[in-house]
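In the part that follows, the structures are each spelled out as structure tokens.
Both complexes below contain chain A, partnered by chain B and then by chain C.
Moving on to the complex of A and B:
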């Protein structure tokens, strides 16, 4: 049924933005993590979003596309060295590598993800209001 | 006596309009869901074009070919009405379009309700 397709699309947006939020939370939580399972300091993660046609055949007819997080990428550039010879993870020169996370930029992305999430909720609400209005047809 | 009241142009147009408005809502939902998708360009439906070509009777839509009169028609009556643009998605503009779409949808539903109320009035013989 068509009305619910619009809601499906909004739901895909909600899922994607929530995943983005999760990744930002992970970045902020690991602001000072110097040890990971892969070795070395924690590296900043970010989501890669991609537009996906809702159904295969529909993509030929220019129908709306869902969004999906296809990849969570890791950025290993710009790790912060800090002089701290007493730290167990310090190298021979006494430098400790800290994650390449900028809390300010993470917070900005957090706000953007939150606003995008709200926008999808607004669309969902509108779709619901339209469906409810349609139910009034023929009701005395 | 004909049942012209139920099948007149206004009723059919209202029905079509509701279909298109729902489809437009889908398009807008897709645009907003892809707000942060790199290289995504917004899609849109141009209602001025659709309505004018509908009233002139030359609306171009994509549908399944029927090679036998017994075949059922395609289930996607609005396919082919969506235009691809080259612009990025602008949240503010998209929200405005969505509100406009919702209000127009509600207006069409209201018109449909009024039409049906008129029919009800006739059935009741004006006694109520």
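Moving on to the complex of A and C:
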């Protein structure tokens, strides 16, 4: 039904923001991780979102596009060296490489993800209210 | 004896044969309502599955809530259609003959 079109599009937005939250949680949890399975310190991850045509829709507006997380990219630039010769992961000079995660910018991303999620929920709520209003036409 | 025989020019009643032609619209309405009921049932089952899935951590929480909301809205639409139908029926049954 066409009344669910906006709902499905917003749902894709909600899913994407949820995945973004997952990645931010991962980044913040690994703020001080110096060892990973691939070797070296943890590297900051971020989501890549892409507009995908919602193929099952065919409307006058053309094919609406939903959002999807297509990739989780790793950023290996800006790893923080810190002098700590006692650390088991220190190199010959006594430097330990720490992840390139800035907790402040992660918190900002967290807020952005939260607000974007809320925006999608607002669209959903409005869509629901409109549908209910349409059903009220027949009442009384 | 002549009275018992069918009067000339009169066609004997054909039971429901004659009636079957006209209610094409009624059948359409029947199948429309049936389709709607099926659709609502499907959405409700979908909602159940999504809820179970989200409890098990397989589905996103909002997907579950969304499918419940969809089921709710389509049930409301179905109820409105039914109300209208009953209303029309009552209107007709109150008609003076």
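Note that in this section the second predicted complex is superposed on the first by the 133 of 140 C-alpha atoms of A that agree within 3 Å, B and C clash if a C-alpha of one lies under 4 Å from a C-alpha of the other, contacts with A are read in each partner's own complex, and residues count from 1 in each chain.
Operating definition for what follows: contacts are C-beta pairs under 8 Å (C-beta built on N, C-alpha and C of every residue); 3 or more make two chains touch, one makes a residue touch a chain.
Small disclaimer: the values here were computed from a predicted structure and weren't measured.
State whether chain B and chain C clash or fit side by side on chain A once the two structures are superposed.
Fit: chain B and chain C sit side by side once superposed on chain A.
Mind telling me which of the two, chain B or chain C, contacts the most residues of chain A?
Between chain B and chain C, the winner on chain A residue contacts is B.
Between chain B and chain C, whom does A:138 touch in the aligned arrangement: first, second, both, or neither?
both
Using the superposed model, measure off the angle between the directions from the CA centre of chain A to chain B and to chain C, in steps of 10°.
Taking chain A as the apex, chain B and chain C sit 40 degrees apart.
Using the superposition on chain A described above, determine whether A:16 touches chain B (first), chain C (second), both, or neither.
Touch status of A:16: first partner only.
Regarding the shared-chain residue A:66, is it in contact with chain B (first), chain C (second), both, or neither?
Only chain B is touched by A:66; chain C is not.
Scan A:128 for contacts with chain B and chain C and give back first, second, both or neither.
After superposing on A, A:128 lies in contact with chain C but is clear of chain B.
Considering only touches as defined above, state whether A:34 meets chain B (first), chain C (second), both or neither.
neither
Check the residue A:5 against both partner chains and state whether it touches chain B (first), chain C (second), both, or neither.
First partner only, chain B.
Which value, in Å, gives the least CA distance between chain B and chain C in the superposed three-chain arrangement?
Minimum over all C-alpha pairs of chain B and chain C: 8 Å.
Can you pull the chain A residues that chain B and chain C both touch?
The overlap between the chain B and chain C interfaces on chain A comprises residues 3, 7, 124, 138-139.
So in the complex, which bits of chain A are touching chain B?
Touch list, chain A to chain B: 2-3, 5-7, 9-10, 12-13, 16-17, 20, 49-51, 54, 58, 61-67, 112, 115-116, 119-120, 122-124, 126-127, 129-130, 133-134, 136-140.
Sort out for me which residues of chain B touch chain A in the complex.
Checking each residue of chain B against chain A gives 18-19, 21-23, 25-38, 40, 43, 62, 76, 79-80, 82-84, 91, 94-95, 98-99, 101-102, 105-106, 109, 112-113, 116, 120.
If you look only at chain A, which of its residues touch chain C in the complex?
1, 3-4, 7, 11, 14-15, 18, 121, 124, 128, 131-132, 135, 138-139
Can you check the complex and tell me which residues of chain C touch chain A?
60, 62-63, 66, 69-70, 73-74, 76-77, 80, 83-84
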